[in-house]
Amino acid sequence: MQQAEPEIIFDDKIEQEIKIEPKDWMPEKYRQTLIRQISQHAHSEIVGMLPEGNWITRAPSLRRKAILLAKVQDEAGHGLYLYSAAETLGIGREEMYDQLHTGKAKYSSIFNYPTLTWADIGAIGWLVDGAAIMNQVPLCRASYGPYARAMVRICKEESFHQRQGFEILLTLGKGSKEQRDMAQDAINRWWWPSIMMFGPPDDSSPHTIQNTKWKIKRFTNDELRQRFVDICAEQVKVLGLELPDNDLKWNEERGHYDFGEINWDEFWEVVKGNGPCNKERLETRQKAWDNGAWVREAASAFAEKRNGL
Amino acid sequence: MNEWPLWEVFIRSKQGLDHKHVGSLHAADAQMAIENARDVYTRRMEGVSIWVVESKHIHASSPDEAGSLFDPANDKAYRHPTFYDLPDEVKYM
Amino acid sequence: MESILDKIQLPGSHPAAGIIHYTLHLADNALVIAHRNSEWCGHGPILEQDIALANIALDLVGQARNFYQYAAALIAENNLSSITITEDDFAYLRAADEFKNFLLTEQSNGHWGTTILRQFLFSTYQYFLYRQLQHCSNEHLAAIAQKALKEVTYHVRWSSEWVIRLGDGTAESHQKMQDALNELWPFTDELLTGGLASAANISLDDTLIKTEWTEKITSVIADATLHLPTSRQYVYGGTEGKHTPHLTAMLKDMQYLQRTYPGVEW
C-alpha cells in the first residue's frame, strides 16, 4: 500500500474531525499558531488574576470573599492547564513566561483596565467572563487534542464565574442609589472593552481564515460578538440597568441587535501597550516571578539533595 | 536556572475506576507533585487517588507505527461477541 | 465606625458569654490568617503553589464562617440582640481591639517563607487543638473541629514539608527561614497559654497541646536544619484585643466597603 504524505494524513484528520495529538506530524505553522494562541490564552488567565485579585481582600462579605478567592484561584488553574497544553507542543513554561515578561507575547487587552469599585467585580464576571465563555465553548472542539481537553475542563469550571458576577450586579441593582450608580458605572466602563474581546472585525482579522480551515476556530469574531451582544442586551434588562450604547436596537429583519461603532483605535492602542494598566500588570507579574526565584531554586536544590536525583 | 520537572497526573475519580490521565504540572519532587496534583486537579472532588509520573519517564508509541501496531486488529472480528449468530432462545450468553 | 457589639447585650456574667467569646476567638484566628494568605493570590512563586495556598485560605475562611455562624446562633438563642446578627457582622463590623485572634495570625506576610512558617506554627497548634476540641462537651464546636481537622491535617503536612524544603534548600533560603523563625518565634507562646477555653467551660488539656506542639515543631525545625530561637521574650495580648498595628491595617482594607458605605447589602 502506498504510504500517504504526512500533510495529506494531517489534512485528512482535520477534515474528518479526528483530533491531532502531540506526537502526530503537524505543519510547523499549525504548531506555531497553537503555541501563540494557547500561551496567549494562558497569559490572559494569569494576568487576569490581578484586576480581580485586587478585590479579594476587600470583598464585602465572607461568602463573596470565598467565592472570589475560589474564582481567581480557578484562573490560576486555567492558566496552568493551558500552559500544560502548550508544553505538549515543545515549549517550556519558563520560555512562555519570558515571552510574557519581555512583551513578546500578548494577553487579552481587557486586563489592562483597572478595577475601581466592587461593582467592577460584578461587571467582569458578567461581561468579561461572559465574553470569554462565548469564545471558549467552541474551542472545546478545537482540532488539537490537549487544547480541546484543557478547554473542556476550563469551561466546566467557568460556569459559576459568570453567574457570581451577575449576582453581584443584581444585588447592587437592588441596593442603594450609590450602589446602583456604582453598578451602572462599572457596566459603562467594561461594556466596550468586553465586546472588543472577540478581536478585530472579520475583514481585518488576519488569522481567521487559516485558523478556521485548521478547525482551531469555529466561528468568526463578528459572529461571536453578535451572539454576545444579543444575549447581554436581554440580560441587562433583568438588572434594571443599561448598556452604554445609544445605537443598540433590535433589528427585526436581521433577527439581531444592531449596535454602535466600536472604537478600534482604542483597541489597538491598548494592544500596543498603551492601556491604563499595561505597565503595572507586567511589572506585577515580573515581580511575583522574580520574588519567587529563591523559593523555586531552594525546592530544586532540596530535591536534588534529598532524593539523590 | 533549572525549571522544576514536568509531571503527568493520573486520577482515579472513584473506587472501581481506572486512573485516567488528566494533565500535567511542574513540581520539584514526587511528594510535591502529588500535593500539587491534589491542589490543581481535585478542587472539585474529582478524585480519590492520584498517580504522578515524571513526564520524561513516559515511553510512548510513535504515531508513524500506528498502522502496523493497531490496524492488524481490524480484521479479527471473531474476537467480538457480536460476530457469532446464536438462536434467540439461547439466554444468558 | 459603629461596632456590632454595641447592638449585643452580653454582660460578662451572662452564662453564654464565655462560649461566645471563645467561639469568636476560634473564628478570628481562622479568618485573620485566611485573609493574610488570600493576599498572596496571584503573587505566589509558581502557579502550583499559588493554587495550594489559596486552597488553605479557602479552608480557613470556611472554618471562620462556621464559627461565626455558631456565635450568631448563640446570640439569637439567648435573645442577646434585638436585631439579627450574621457571620458578616462579626467580621466586618468590629474594630481591631474587638478581635480576639492570636498575634501570630495577623503578622504581615513577609516573603513566601515567612508565610509558610506562620502557617506551619499555627496549623500545628490548630491540629492538636482540634484533636481535643472534636471530643469536647459542646457538640457544635466539636462538629466544626471534627470537619476542620481533615483540612488542618493537610495544612500541617503541606507547610511542614515546605519549611523543611526551604530550610534545607539553598544557603539563601536557609538564612531567610532562620530569620523568619526568629521573627515569628515571640508570637508562639501565646498559642500555648490557652485561657479563653476554660472561661467557656470547654475543658482542654493545655499541657498536652503544648507538649505535642513543641515536639512536632522541634522535629520539623531540626529536619529543616534550622535552630529554635533560645530567646524566651514572648509577646501576648491578642485574645484580649491588644493587637499589633498589622491588624488595624488589615481591617482597614478588609472592612473598606462597610466603612465607606455603611448599612447596605452586598
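The chains carry the letters A, B and C, assigned in the order they are written, with residues numbered from 1 in each.
By definition in this document, a residue touches a chain if its C-beta (ideal position, glycine included) is under 8 Å from a C-beta of that chain, and two chains touch if they have at least 3 such contacts.
Since the structure is predicted, the reported quantities are computational estimates derived from the model, not experimental observations.
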*Central chain, going by Cα centroids?*
A
*Measuring centre to centre with C-alpha atoms, which chain is farthest from chain A?*
C
*Can you give the whole-Å distance between the Cα centres of chain A and chain B?*
29
*With chain centres defined as C-alpha means, what is the inter-centre distance between chain A and chain C in Å?*
35
*Euclidean distance of C-alpha centroids - chain B vs chain C, Å*: 41
*Residues within chain A bordering two or more other chains*: 73, 77, 80, 293, 296-297, 299, 302, 306
*Going by the touch rule set out above, which residues of chain C reach two or more other chains?*
46, 48-49, 51, 55, 165
*asked:* Going by the contact rule already set, what residues in chain B reach two or more other chains?
replied: 4, 25-26, 28, 32, 40, 43
*Contact residues on chain A for chain B in the complex?*
21, 23-25, 73-74, 77, 80-81, 84, 87, 92-94, 149-150, 153, 157, 293, 296-297, 299-300, 302-303, 306-307, 309
*Along chain B, where are the residues that touch chain A in the complex?*
1-4, 6, 22-26, 28-30, 32, 40, 43-44, 60, 62-63
*chain B touches which residues of chain C in the complex?*
46, 48-49, 51-52, 55, 157-158, 161, 165
*If you look only at chain B, which of its residues touch chain C in the complex?*
4, 25-28, 31-32, 35-36, 39-40, 43
*Which residues of chain C touch chain A in their complex?*
31, 35, 38-39, 41-51, 54-55, 57-58, 61-62, 64-65, 68, 87-88, 91-92, 111-113, 164-166, 168-170, 172-173, 176, 253-254, 256-258, 261, 264-266
